[in-house]
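Each of the next two complexes has subunit A plus one more chain, namely subunit B in the first and subunit C in the second.
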Partner chain A sequence: MIRKIQTIVLLILFFFPNNVHSLIEVDITRGNLNPLPIAVSPLFSDEKTTSNGKKELEISDIGSEISKIVENNLRRSGLFNPLDKKAFLQKSDIAHFKPRFEDWGLIKAQALITGKVSLIDDKLKVEFRLWDILAGREMIALAFTTVPNNWRRVGHIITDKVYERLTGEKGYFDTRIIYVSEKGPKTRRIKRLAIMDQDGFNNKYLTLGNELVLTPRFSPTNQMVTYLSYFKNLPRVYLLDIETGLQEVVGDFPGMTFAPRFSPDGKKIIMSFAKDGNSEIYTMDLENRIVEKITNHPSIDTSPSFSPNGKYIAFNSDRSGYQQIYTMKSNGKSVKRISFGKGLYGTPVWSPRGDLIAFTKLHKGKFYIGVMRTDGTGERLLTENYYQEAPSWSPNGRVLIFYRETKSDSEGKGFSAKLWSIDLTGYNERLVETETDASDPSWSSLLSN
Partner chain B sequence: MNLVKILRNAFLVVLFSFVLSACATKTKQVGQLQGDVYTGTDTVEYLAKGVPDRVFFGTNESILTTRSRDTLRKQAAWLRKNPSINVVLEGHADERGTREYNLALGERRANAAKDYLMTYGVSSDRISVISYGKERPVDSGSNPLSWSKNRRAVTVKAN
Partner chain C sequence: MHKSLILSSGFHLFIIFFAMITLPFVAKKPLDIPPIVSIELIQIADETNIPYAPKAKKIIEKVKKEQEKLVSEQAPPKKIKKEKPDSIPLPDKKVEKIKKIEEKKQNPEKEDNKVKQVSEFEKDEMFDLNQIAALIDKSKEEMALTNEKSLDVSQSQDPTMNSQGLTLTEEDALKAQIFGCWSIPLGLPYNENLLVRIKLKLKPDGTVTKTEILDHARMNKPGQGFYKVLAESALRAIQLCQPLRVPSTGYERWKDLQLNFDAREMLEG
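Our next item is the complex of A and B:
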């Protein structure tokens, strides 16, 4: 008898789960063919704020501009469908206090973002709310204060909070991308380090273009960049402070150093050092300047990538005859090959989630961006192209940014290099707009940490 | 009946000669590549009369071909005759590979050439090495012939 009751209770629990969560959930683990219809109401601002916005920041309607940032972020994520503002029935100030859910439901919105912004006495105060239209309830209510110059970051932070509430994952919108801006003929490309917000705004150049610069990477605090420079025709790894613009060479190596990255704790640089035809992986401690040799093999060892806990390193080696991906402990022991498919593998990058390694693959004249588990199983190719390489992970490990080049004739006509991004699901492949041609992108971690 | 036979044979002969001439054209097109190592002189410059300044490599290779070794012996002889001249060996790769690996491959190619010059009596302190990976192609084309011209190690006078 008790057995029967137990079974019935279990069955009831199974078929009628306790659901106190909202009805809206966005699944980011599968390809999303039904982006969530969401209404992004312009943030309400009073007259004083609007006029301050015009005066101090040269923006005609700060509340509207911030909501546009949120809208664009949500649209570009491929998971949301921001609805046309012209269809909105309720005004932004009223909606923020008491949305008429039926009005928003009429235009088929399932979620609504409203807010208020004030710019007074050099302080930018923002409050916003996320509403579940179907359940007729508020989901988040947040307020924060910042400096006026951060007004674009306000839009990104709001997006991150909304994304996190609806997907269960941290967002990636309050971030920057560092990359190499390219110009000129293929035979003599002019390259400069550049940095921009992940939505393409606030682009800034960090070097002048007088010497070749390649493969920049952020430090974990996003304050420093490490990269390869051919300053004085000596290819070496450098550090650059983003705020001050100060550059310094890393260490005192008697030969080319290249392929630099920071360790996850930011204390070391890991890189390749090439001498007498052999490239090995080394680390250098930025504080005590101690140099450690990590690999020891006559093959090419390069493109190192730390696991997020700093215990392992994935890297590219041709010790088996051709470019393959290997992992090893951070002290160089227990080297293990993990790529076994057909073709050449390069540019391994360990996901910030620790679960996957993204890579570039070349097979039968085609380039692929793919991912595999850290033991090499589950290889999945996301996109194929004439030429593409060097994926970099968004900080939530859900999106990859990389670059592509096009074919050109013998005069170099037709050549272009552009940044592209794709979701881990293989969907939402899109061009990342840049002022010039671009390559070697690297994604920062969240700025608001 | 005889006429038909003659006409048919004539047709076959004409057809056959078209096929042959097509084959002849094909051989010409691949004449500048041996395996996939460039053997032409399009992009070659000269350190001195009869001394080519560069050697070429196969895809992913840093092995010196017979022709390359011949070129390097000529360079070594010239360098022995001009002991005050120092050189930089530039290593390059084609665009069909990942950027960082190509930097390493260029360095390996330049060192392969440097080692060979040293074998023929050029002291190592007269030779420095630099890799440009795929950053400085000499041919902008996106085809196997262009790529083969870019897989090179170039000897450049340093002074």
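Our next item is the complex of A and C:
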């Protein structure tokens, strides 16, 4: 009997798969890279705050302005296509509570941002919601409370949240950029440290312009900046606290000193300077000011940059005869050349994601900004121009900011230096508006983590 | 005595040995005679006896019978054919005949009329050449019909065909449609295993009635934010694309469909 059952079971197992309906599978390995159509509805003012007519007007303006900030941020990212508000079929206040998805679908929106602003006890409260139009559901809903004059930052924070929810990576909008503001003729430039929001607003000058300032760099952990300034023709490295405005001299260094940068934990500064006529890479502990020599080679080693985990350093050196990019362990061991293309490579900067190194390349009289993997493979040149250099990564490792100079004529006219940004695709290149000419930009980490 | 005997024996042995070595070279090689092939002489039959394919044979026999009927219904020819059956046609005449036959091939109506007028012998000859061509055409048509029938069955009724996937054309059409609808979240890391498998239930017109993320558990796991973003983008693509470009037949085959969204190739650039 048992044997019969076994036989039947075996027979069923043998024949059953032949009759099972096998599921057809289709692999989707490609998609489009078109910007996602998104509707940014103006944030409406809450009726509860309408007792004061003046405040109501201000609040409604803020709501509209915040939505403009969000819209501009999304558009500049190159990943979103904010739709024209004139096409909106539903009022913003109704949409915030229950959007008619069909109406938003009609104008081809795939996502919708709604929100409201209210003023409670002189505090600005901003709510926003992100809706998935095609799925017909809410994706995220958040509220912020802040002082009213901080409304621009609220717009940036909302953009970061939307960006993160829709792209999967953190945003880079609630950030600042420090740069060297330049004024005057090329031969007598007045250079000042300046800081602004990543969209070019809220510009402030941090130095007076009496001294030459160079290469400001943000700390990855807090709002500190290190930069190089010449005091009585001697290079001096400074630390500047942006929140308090306090400035501190880190040290005087001999000869040519270049590009101090923070270590990922913000406890050290790495830089190159020439001692005994030979440029080497050094680190300085900010607590005890002990200087440690990292490289020891008769060639010129400059532009060091830590990897995000602090274990490796990228730098450029002419030890092979031409200036190329090298990596080494943070103790100076295991030096390895990673750039092998034609031309000269310089200013390597490790991406905050850790996967890429940005660089400047000079080849046949043209300057390129490019990226390569940390082992030197996959080199991609993102942009080419007459003169451009000093790339700096956005905190999410998607966008690079750099400066570009234009050619001047024989009388020295026509010269300009401007900040530009480009994303990793190489297609989304944009001018970053600044009040004056600008160079040497450095991107901060996210202000709100 | 002994001495001469030994000498004689030695001399004889030498002669024999010499002959064994030298004679084979001196001797001529025997002729290479080919193997004998027997040839059977047989009489040539009036009609070739190469067998037809069973199916073709049946058709030929059928047509033959019809022709016989047709001939029997006809009045006997008034005139005897110009050429005698025994006579061997001259080459020129042969060519003419072939031309005529070719004409008949192209115009079957004429052929019918002609058959009515020619002699029995001519009729046979014409059948052999012309009817075979017609038969081949006919058998082709029949084959096409049977193929068509079998195709109909495979796409709509035959349950044994359900296990077959989409054809390349069908799959490409569907892929091309979804490629256009899927906005890939560019912020995703290319080096992580981000494959989103979505099972669909479809209506015959390609409308999606149900979507199911097969690894749904990953959606809400901490640290799987990238997966969630990718899955949502894939769902949006499906919603945006529907009705999907599915084949017009064989609903049973594709009423359940699995789409595997894999953005690595695009993200890696």
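We take it that the second predicted complex is superposed on the first by the 394 of 449 C-alpha atoms of A that agree within 3 Å, B and C clash if a C-alpha of one lies under 4 Å from a C-alpha of the other, contacts with A are read in each partner's own complex, and residues count from 1 in each chain.
One rule holds for everything that comes next: contacts are C-beta pairs under 8 Å (C-beta built on N, C-alpha and C of every residue); 3 or more make two chains touch, one makes a residue touch a chain.
Owing to the predicted nature of the structure, the values given are computational and were not obtained by experimental measurement.
Engineer: Touch test for A:235: subunit B only (first), subunit C only (second), both, or neither?
Structural biologist: first
Engineer: Kindly classify A:247 by the partners it touches after superposition: subunit B alone (first), subunit C alone (second), both, or neither?
Structural biologist: Touch partners of A:247: none, neither subunit B nor subunit C.
Engineer: Should A:25 be classified as contacting the first partner (subunit B), the second (subunit C), both, or neither?
Structural biologist: Only subunit C; A:25 stays clear of subunit B.
Engineer: Taking the superposition as given, does A:146 touch the first partner, subunit B, the second, subunit C, both, or neither?
Structural biologist: Touch status of A:146: no partner.
Engineer: Should A:302 be classified as contacting the first partner (subunit B), the second (subunit C), both, or neither?
Structural biologist: A:302 contacts subunit B only, not subunit C.
Engineer: Kindly classify A:383 by the partners it touches after superposition: subunit B alone (first), subunit C alone (second), both, or neither?
Structural biologist: A:383 contacts neither subunit B nor subunit C.
Engineer: Figure out whether A:428 sits in contact with subunit B (first) or subunit C (second), or with both, or with neither.
Structural biologist: Once the two structures are laid over each other on A, A:428 reaches no partner at all.
Engineer: By the touch definition at the top of the document, which applies to A:33: first (subunit B), second (subunit C), both, or neither?
Structural biologist: In the superposition, A:33 contacts subunit C only.
Engineer: Please give the residue numbers of subunit A that touch subunit B in the complex, ascending.
Structural biologist: Touch list, subunit A to subunit B: 185-189, 212, 214-215, 228, 233, 235, 256, 258-259, 272, 274, 276-279, 300, 302-303, 316, 318, 322-323, 344, 346-347, 360, 362, 365, 387, 389-390, 405, 407-412, 415, 439-440.
Engineer: Spell out the part of subunit C that touches subunit A in their complex, as residue ranges.
Structural biologist: 159, 162-163, 165-166, 171, 174-175, 178-189, 191, 199, 225-226, 229-230, 232, 234-237, 239-240, 252-254, 256-266, 269
Engineer: Within the complex, which stretch of subunit A touches subunit C?
Structural biologist: Against subunit C, the touching part of subunit A is residues 18-34, 36, 79, 110, 132, 134-135, 139, 163, 165-169, 353, 355, 380, 396, 398, 424-425.
Engineer: Considering the complex alone, what residue numbers of subunit B touch subunit A?
Structural biologist: Touching subunit A: residues 60, 62, 95-101, 103-105, 107-108, 111-112, 115, 130-131, 135-142, 146 of subunit B.
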